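Two complexes follow with subunit A in common, the first pairing it with subunit B and the second with subunit C.
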Partner chain A sequence: MKRVAPAVLVIGLLLLVLYPLMASGYEIRFMLQLFMWVALAQSWNLISGLTGYVSFGHVAFFGTGAYAAAILVTSHGWHWAPASMMGGVAAVILALIIGYPCLRLKGPYFAIATLGLNEVVRALVSYFESVTGGGSGISLPPIAATGQIYYAMGLAALAVTAAAHLIITSRVGLRFMTIREDEIAAEAMGIDTARYKLYAFLLSAFIPGVVGGLFAQDTGYIEPISVFPLLTTITMIVMVLFGGKGTIWGPVLGAVTLFVLQEMVWVRFLYLHQILFGAIIVVVVLLMPKGILGMLQERYRLPRTI
Partner chain B sequence: MSVSITAEMVGQVIISGLLAGALYSMVALGLALIFGVMRVINIAHGTFLMLGAYTTFWWSQLLGINPYLSLLASMPLMFLLGVLLQRTLVTRVVNAPELSSLLLTFGISIALVNLAQLAFTSDLRSVEYLTGAWLVGPIALSKSRVISFAFAVAITLFAFWFLQKTKLGKAIRATSQSSEVALVCGINVQRIHLYSFGIASALAAAGGSLVAVMIAIQPEMGQVYTFKSFLVIVLGGAGNLPGALLGGMLLGLVEQLASLFLTTQLSEAVAYVLLVLVLLLRPAGLLGGRST
Partner chain C sequence: MDQGHILEIRDLTKRFGGVTAVNSCSLALAPRKIYGLIGPNGSGKTTLFNCITGLERRDDGEVYFKAERIDGLKPHQVARRGIGRTFQMIRVFPELSALENLLVVTAEPFEVAHRKALELLQFVTLDRLQKEYAGNLSYGQQKLLEFIRVLMTDPELILLDEPAAGVNRTLLNELLAAITNLRDQGKTILIIEHDMKVVMGLCDTVFVLDYGEKIAEGPPSVIQTNERVIEAYFGR
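So, the complex of A and B:
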């Protein structure tokens, strides 16, 4: 197992690298979106899965990144790649503004503060029309870069999964998880909980910002409703819970399973699909709080760091 | 910005703020009750408000009876739905970590909101009733807002009387202070949880019925009320029921004042800024600790 797993990973990555050479435009875009969901789910996992602080507003970082990147590309003539990185930076700044006051407190304050965040950012984006184009949105110059964005998106998904691996297998990860299990005990052991919660939150905001920027370039047009939908946050949460929160591969498993199902079947039934999401959350919380991967870990005694 | 602000405008804003604030107080009282008794933040609270508003819409649409009388339907219906959800789902996470109850009620809310989308479509609906305004000196009082205010105050006072004076109310407050001691005193804590969730849902539904005559109804309207109710109980101090009243009034005033100086889009953000400021400066709420 120890020798097989890295080999499988390397072969899998190689196939994904070669994939655009043999796939059609539609298939590339499918994988690109899948990468996006892996990256988003994995990011949510960093704050909510590891520290136990639920973020209900993660799409705000995605939208902020999308707008920051789109503005840099259209008004300042940046290339989309560095612009997307700056989208990530913008998201981190937003996370700092929200996280600093809210994460010093324990309990559900943080969750509720993130609940309103998305609406507020969307309202602000609509208001500052001179910069953001308001309700009419921003059109980005069309470029044929789907292949490049595929790699960028894949890199984002890989980076955040690697980061999750590094964190979960390190002392920092143990500190995060100690906060989740018992925050008072964590403090008693000398962990600066406010600081580590903030670290987790900032980390979890960066990639959604970058991915938002890539999304903006890929779709070529963004408006407040297209980059701040509540459904995106819901999807991230469902994917992580379903796959297994607080694990490395759980969010990947959840994102792949649910995204494929969503594209194949549920897209035709929008509200039913969301009702199902609500039901999945309820069922997972009540019956299998550790998700699919957590259940497998327990049943087959798989290592904790998976 | 260039419009000069007169004394009448300030008076108007204060009155409007209090009118809106009483509704916030009533709805937030429900959230504070659930939080006090079970330490659960109910993300689905606003969903009950939305369902209450739809009850009123269909009541006046199908029966053609005065929309305010629909309180007689929306409150008991949502009481029952609340009891049912508590009995089947929420009770399983009462003693679990906060993460579980937050996510569970979030899941319930998503499912219910989308069921409402499916059943009622996402069209904006409105209940037309008493659209005019009374003029008191220079101040215009929207008729529907004044009547809704009166109902909200009456229902809130009744809820307080109930909690202070009746045996069940005292048992609820006792459970809120310490559920272990309440259990030792022979209070059936499980049943108190049921009643609390039911009463809270009925309060949210009352809020829905009362806003239905003022604003457009759609399935996603509840979320903003969940957020505002939470803001109200943060302002008042979590679990502090009188604090919820003060917090509601304060939120109403601040929002109206903001709408005087800012555009509507920005005044939506004001509640949010207020939350972050209070959490920064006075995290225990304006009135401080818990008192029921």
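So, the complex of A and C:
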């Protein structure tokens, strides 16, 4: 198993690299979106799965990245790739500003604060029309870069998964988890929980910002309601809960399963996928609160580091 | 402050609303001794622990550790200076394994930490369960795990909040031997304990709290016959 897993991983990655050469435009876009969800779910897992601080405003980082990148591309003539990286930086700066006060809040209060934060950011974006175009949004110059954005999105998903692997298999990851397990005990044992929480929060904000920038270029048009929807945060949460929070591969499993399922249903019945998501939340919370991987870990005594 | 003391508390006061949990309390601990902290329920023992370790902010008074003021520091800063503690209600990290519970609290190189953790697990006969989630261990086992987790960070002063509660007789004797052994290695220990046999057998000096005030201090044999102590425990 220890030899097979890396081999499967390498072959899988190779196939994904070659994929655009054989796939149609629709199929490439499909995978591109799949990568996006893997990256978003994995990012949410870094703060909420590991430290237990449930962020209900994570789409704020996505939207901020989208706007930062779109403004750099349209007003300053940047290429979309560095602009998206700056989108990530903008998201981290936002996380720094709000993380400091919000991370002092516990449990549901943190969740509510982050939920409110997203509404505030969206309102601000709508308000500062001269920079953001307000309600009428920003159109990006159309370019034929779907193939390149496919790779960029893939890299983002890969990078955050690799980061999750590094963190979860190290003592830093364990320290993140002590915050989820018992913050007071962690403090009493000499762990600077405020600092570790902030690290986790900043880490979890970067990739959503980058991905937001890539999304802006890929769709060619953004407006406040398209890049700050609460549903995006909910989707990240459901994907992670479904796959297994706090694990390395749980968010990947959750994102892939639910995205594929959603696309299959959506193509046939326009609104059914929302009902499906609601049903999945109920089933997961009631029957397998630790998600698929969490359940397998318990039942088959697998190491946590999967 | 007196250089000879490892911990000195001066006129410490902590109020919760209208309740004065700790009332102008002063204690001083000399190094390499085992101190007992006793008193009826609600007499402020755990609150005093919380004020020393920074989990509660004192309203008044000063706390010195090795001649430096530590009141006002955050709990992790107090811990890093060399004060370790356990809790009355066990606080292990339930979804980390027993081994991980130990590894996570030190910054030592992994090999060193791992060796130390295994030794400690062996010492309390939990080495067989090192990969088990701490939350799946029995109450007594979790108590022991919490005790050795404190030892992982090698603190100079160890505060133990009812270490003997729920631990079986055989293991208890080993635990008491271990605490005595820690003192002989140069540590200072302050223990909250309700089991008088344990307190009398183990402690060099006992402090007695009642309604947040220190009402007596002295060797166990003297404390046992102190009238104010008997009054506090049994009423007049």
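Methods note: the second predicted complex is superposed on the first by the 292 of 306 C-alpha atoms of A that agree within 3 Å, B and C clash if a C-alpha of one lies under 4 Å from a C-alpha of the other, contacts with A are read in each partner's own complex, and residues count from 1 in each chain.
One rule holds in what follows: a residue touches a chain if its C-beta (ideal position, glycine included) is under 8 Å from a C-beta of that chain, and two chains touch if they have at least 3 such contacts.
On a predicted model such as this, the values are computed, not experimentally measured, just so you know.
Q: Which partner does A:178 reach: the first (subunit B), the second (subunit C), both, or neither?
A: The second partner, subunit C, only.
Q: Contact-wise, after the overlay, does A:98 reach subunit B, subunit C, both or neither (first, second, both, neither)?
A: first
Q: Tell me the contact category for A:279 with respect to subunit B and subunit C: first, second, both or neither.
A: In the superposition, A:279 touches subunit B alone.
Q: Between subunit B (first) and subunit C (second), which, if any, makes contact with A:27: first, second, both or neither?
A: A:27 sits against neither subunit B nor subunit C.
Q: Between subunit B (first) and subunit C (second), which, if any, makes contact with A:263: first, second, both or neither?
A: A:263: touches no partner chain.
Q: Touch check for A:188: first (subunit B), second (subunit C), both, or neither?
A: second
Q: Of the two partners subunit B and subunit C, indicate the one touching more residues belonging to subunit A.
A: B
Q: Share the list of subunit A residues that count as touching for subunit B in one structure and for subunit C in the other.
A: 180
Q: Would you tell me which residues of subunit B are touching subunit A in their complex?
A: Those in contact with subunit A are residues 41, 43, 89, 92-93, 97-100, 102-104, 106-115, 117-118, 220, 223-224, 226-227, 230-231, 234, 263, 265-266, 268-269, 271-272, 275-276, 279-280, 283.
Q: Mind pulling up the subunit A residues that touch subunit C in the complex?
A: 171, 174-175, 177-178, 180-182, 184-194
Q: Would you mind writing out the residues of subunit A in touch with subunit B in their complex?
A: Going through subunit A, the ones touching subunit B are 48, 52, 54, 56, 97-98, 101-102, 104-105, 107-109, 111-113, 115-117, 119-120, 123-124, 126-127, 180, 230, 234, 237, 241, 271-272, 274-275, 277-282, 285-286, 289.
Q: Show which residues of subunit C lie in contact with subunit A when the two form their complex.
A: That would be residues 53, 55, 74-76, 79-80, 84-85, 87, 91-96, 100, 103-105, 110, 149-150, 153 of subunit C.
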